[in-house]
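One structure, pasted below without further comment.
Just so it is clear, A, B and C label the chains in written order, and each chain counts residues from 1 on its own.
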Amino acid sequence: MKINLKRIYISVTIGTITGHVLFMLSDAGRGKRMKKFVLKRLGTGALVVLFSVLFNFVIIRLAPGDPTRLLAGKDNPNPELIAGLRARYGLDKPILTQFWIYIKQLMHGDFGYSYVSSSTVWDLIKTRIGPTLMVSLTGAILAVLIGTLLGVYAARKKGEKIDIFLCSISYLFDSTPSFWLGLMMILLFSSILKWFPTSGMYNLRANYTGFAHTADVLKHLFLPVTTLTLINIPYYFRIARSSVLQTMSEDFIMTLRATGMSERKIFNKYVMRNAIIPTITVFGITLAYIITGVAMIEIVFAWPGMGRLMLDSITKRDYPTLSGIYLLLSISVAVMMIVVDVVYAWVDPRIRY
Amino acid sequence: MSLLDIRHVNISYKMPEKTVYAVQDVSMSIEEQDSVGIVGVSGSGKSTLAMGILRLLPENIIDVSGEALLNGRDIFKMDEKELRNVRWTEMSVVFQKSMNALSPVHRIGTQMEDIYHTHYPNEPKEKVRNRIYDLLHLVNLSDRVYSSYPHELSGGMMQRVSIALSLIFQPKLLILDEATTALDVVTQTQILNEIMDLEKNMKIARIMITHDMSVVSSTCKKVVVMYAGRVMEQGSVMDVLVSPRHPYTQGLLNSFPSFTGEKKNLRGIKGNLPDMSIYPKGCVFADRCPFAKPHCHEELPPLKQIGDGWDVACFLTEEEIAHE
Amino acid sequence: MAKSRTKNRIHAIWHTIQGNSQLKVGLILLAVLLFVAIFGPMLAPYNPNRLYSETFSAPGGKFFLGTDNLGHDIWSQILYGASTSLEIGVIAAVISAVIGIAVGGIAGFYGGLADRILNEIMNMFLMLPTFFLILLIIATFGSSMMNVMIVIGLTSWVGNARLMRAQAISIKERTYIKSSIAIGEDRFSILVRHVLPNGIFPIIANTTMNISGAILTEAGLSFLGLGDPNVISWGQIIANGKSYLPRCWWICTFPGIATIFTVLTFFLLGEGLNRVLSPKMDANK
């Protein structure tokens, strides 16, 4: 079971990259520059992954303390364990050989074993990705929609009271630490109003199934998602507002006005299409950090996602898990960045050349 | 009835700290098929005048007085609907920075179609498309331009697109606001010649706003010389440019080298533009005028007719004529 | 003569501030903040490290904002914590600025191969999962204040570098730079003496906003227990209060408000400075 998932993950990554490459290369009318552009981005992406692999490898050996002990994760490892670790990671062999062993293991999708829990790193990670995506995707999408709508609205009403109000609120939420906001939400909505549960993803004691289970999860999902959304709305708000204002002062808007086009059409078709570009790119970049962005909130709400895993692994010095997480993050960030660049080129004809 | 009759137009920018009197008491009339050049340096108010006439200036910071009669109807008094009807169908503009004249993320053809539909929403697609192709051919552009994006064209090509766009409804009045300033001399000449041909065929009146006197002298029949928001001298090109009466016009012409004729030293005009936030007491040019008398600093010289269609705003010129 | 020039400058600055509401509010808040940071320890009614017997007392009465589980006075803790946040925030942002200016300046000014390499490095750094990296490095190398500042600086310099690079590229086209090079002046000294000082303005605004980010990051770190245990930090107080949340809400709430106040100050300052130093047609307020 676990091997299949590993393979699926790897093939999906490779498939996505290949798919995008093919898409870009095949688009008729795009010149050689586009191909060069794509290859360059891939190259950078590959470098990043390489860098993180190297970094992973180095940091364990750089960290203060004996790597064996660190890898053993225990204070008094028995000699057999030490011998086994040495053999496995080749710690007594020259450093280059160690590195080669490391790479080979990665190729097999073998991220190693965690010491904190007696399962493979991959097993640990795979159960956490789902919950993390639940919160982060929902939050990100809500934030971009609401933030952008409010930003566009504020731009149209620039200078009026509502605009000043929205901008001030935006500044306020932008300065708020996410974990504190989460705590305040718990305070208000769980403890005082008792509308929502305090933490976790579902009620462990009750054994809901089917629809009741979904409803339960949704109830638990509400506060974390709301917190995440509130924290991220100001960002999209500012970008949308500033972009719309910028676009409205462009020369071509004046041309269109001089032709007698209605303000409504000018705004809905021409202003929006131009102004939305920065939002799209920014959203893409946010998606790149979708796994780490929710870490704080997961921790505050005891949500069983990647963020909690990250923190636990770090505090417990579970280096194999950390390695695995870091690699996963690097790859997904690199992939997302490439996707962002492609989408940007698709959306803005100017940068295709 | 003139095509465009501008009467005593004043345009000021209202700002919290001060008011800038960008256009002061400007009057002129343009007949059908006229070609008028409005000349002046940056800050002389010529662009503000054009934008103001088209009502493209942001209404909340602008103060406008006077009348701008287009075929008898005052543009400043039109409501939104009437204004939109008039725009582009009776008068159109070609701006200076044509690279950004159209939306960079929409194809040129799409935008031209949209503009067409603004005034004729029910025209069938085919008809509109053919009309646009015809227009592009008119300005020596190929069909390919239709599906291109603005950044894919050169400056000259985009300028031609802007011109084609301005002619889409064959307006009676075309305003070119520094339309060829950003182009190299060769392209500029080509385009100007093309415009003049089109004018003859379509019976269009043209206002050219520029700081380049040579363009005016080679392509316009009438000229209006503006300085610091006011008209200094206006009349036919043959009169004003051959024997200018206003000291400012004389100064301007002296700063252009002559291709033929005697070699003489180029002379600029000493001094700087006056502060436009102070409404002038006397002649705006008095501080820089080599012939200024004390009287010139005290009173604003009115625009007086000194010949057939020739007006000058200068006390000295009045006296000269009186002596003759 | 010099006196009237300075007077004019002061007048101009005052006028700018008046017109720029973000700057205005930001400066007012900053004044309060600095006051608290400098005089806080003297103003604090109690020793923040001392334990009083009245544990869990609600705000009001003897202890202005209440006490925590061990009897620390929250108000005093907040006052002392201000200097921690400020110190870490400012120094981390400055480190980030220094690295950014250096990398961006060299990339933009020298161009060519150096630019391409540095550009790739910048892109790579952008792709790193910063939060994770910070956690990892702190956990590995210890959680002293110095480490926190350095690691935050190391992960946030790319923005500054990009700004500086853009500035360097445009400044090096200026005539006086070109003539200096033509004369034969050493390129490096041109970079340091002319290009950097002229291009630094957007970096100043950006660094101010980076201070906000640094403070938030530090708060997060100390909340997770990865901050310096030897100093008082607002995140720490919040972390401590988390377990007592429903009943003793004041332990968590007030340090959070203090954080918002501080972050907001630098954020507004940064935005205000941005408007002044790089005026554009767009967003006001």
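In this section, contacts are C-beta pairs under 8 Å (C-beta built on N, C-alpha and C of every residue); 3 or more make two chains touch, one makes a residue touch a chain.
Every value quoted in this text rests on a predicted model; they were computed, and no experiment measured them.
Sorting all chain pairs by how many C-beta pairs they have in contact places A-C at the top.
Relative to chain A, the most remote chain by averaged C-alpha coordinates is B. Centres computed as Cα averages put chain B at a distance of 51 Å from chain C.
In this assembly, the C-alpha centroid of chain A lies 54 Å from the C-alpha centroid of chain B. Spacing of chain A relative to chain C, judged by their CA centroids, is 24 angstrom.
By the touch criterion given at the top, residues 120, 123-124, 126-133, 135-136, 139-141, 212, 216, 219-220, 223-225, 235, 238, 242, 245-246, 249, 252-253, 255-256, 259-260, 263-264, 267-268, 280-285 of chain C touch chain A in their complex. Partner chain B is touched in their complex by these residues of chain A: 250-252, 254-262, 265, 269-270, 273-274, 277, 347-350, 353.
Residues 54, 56, 83-89, 92-93, 95, 97, 100-106, 111, 114-115, 118-119, 149, 151-152, 162, 165 of chain B touch chain A in their complex.
Contact residues of chain A toward chain C in the complex are 44-45, 47-48, 51-52, 59, 62-64, 158-159, 163-164, 167, 171-172, 174-180, 183-184, 186-187, 191, 238, 241-242, 245-246, 249, 288-289, 291-293, 295-296, 299-300, 310-311, 314-315, 317, 322, 325-326, 329-330, 333-334, 337.
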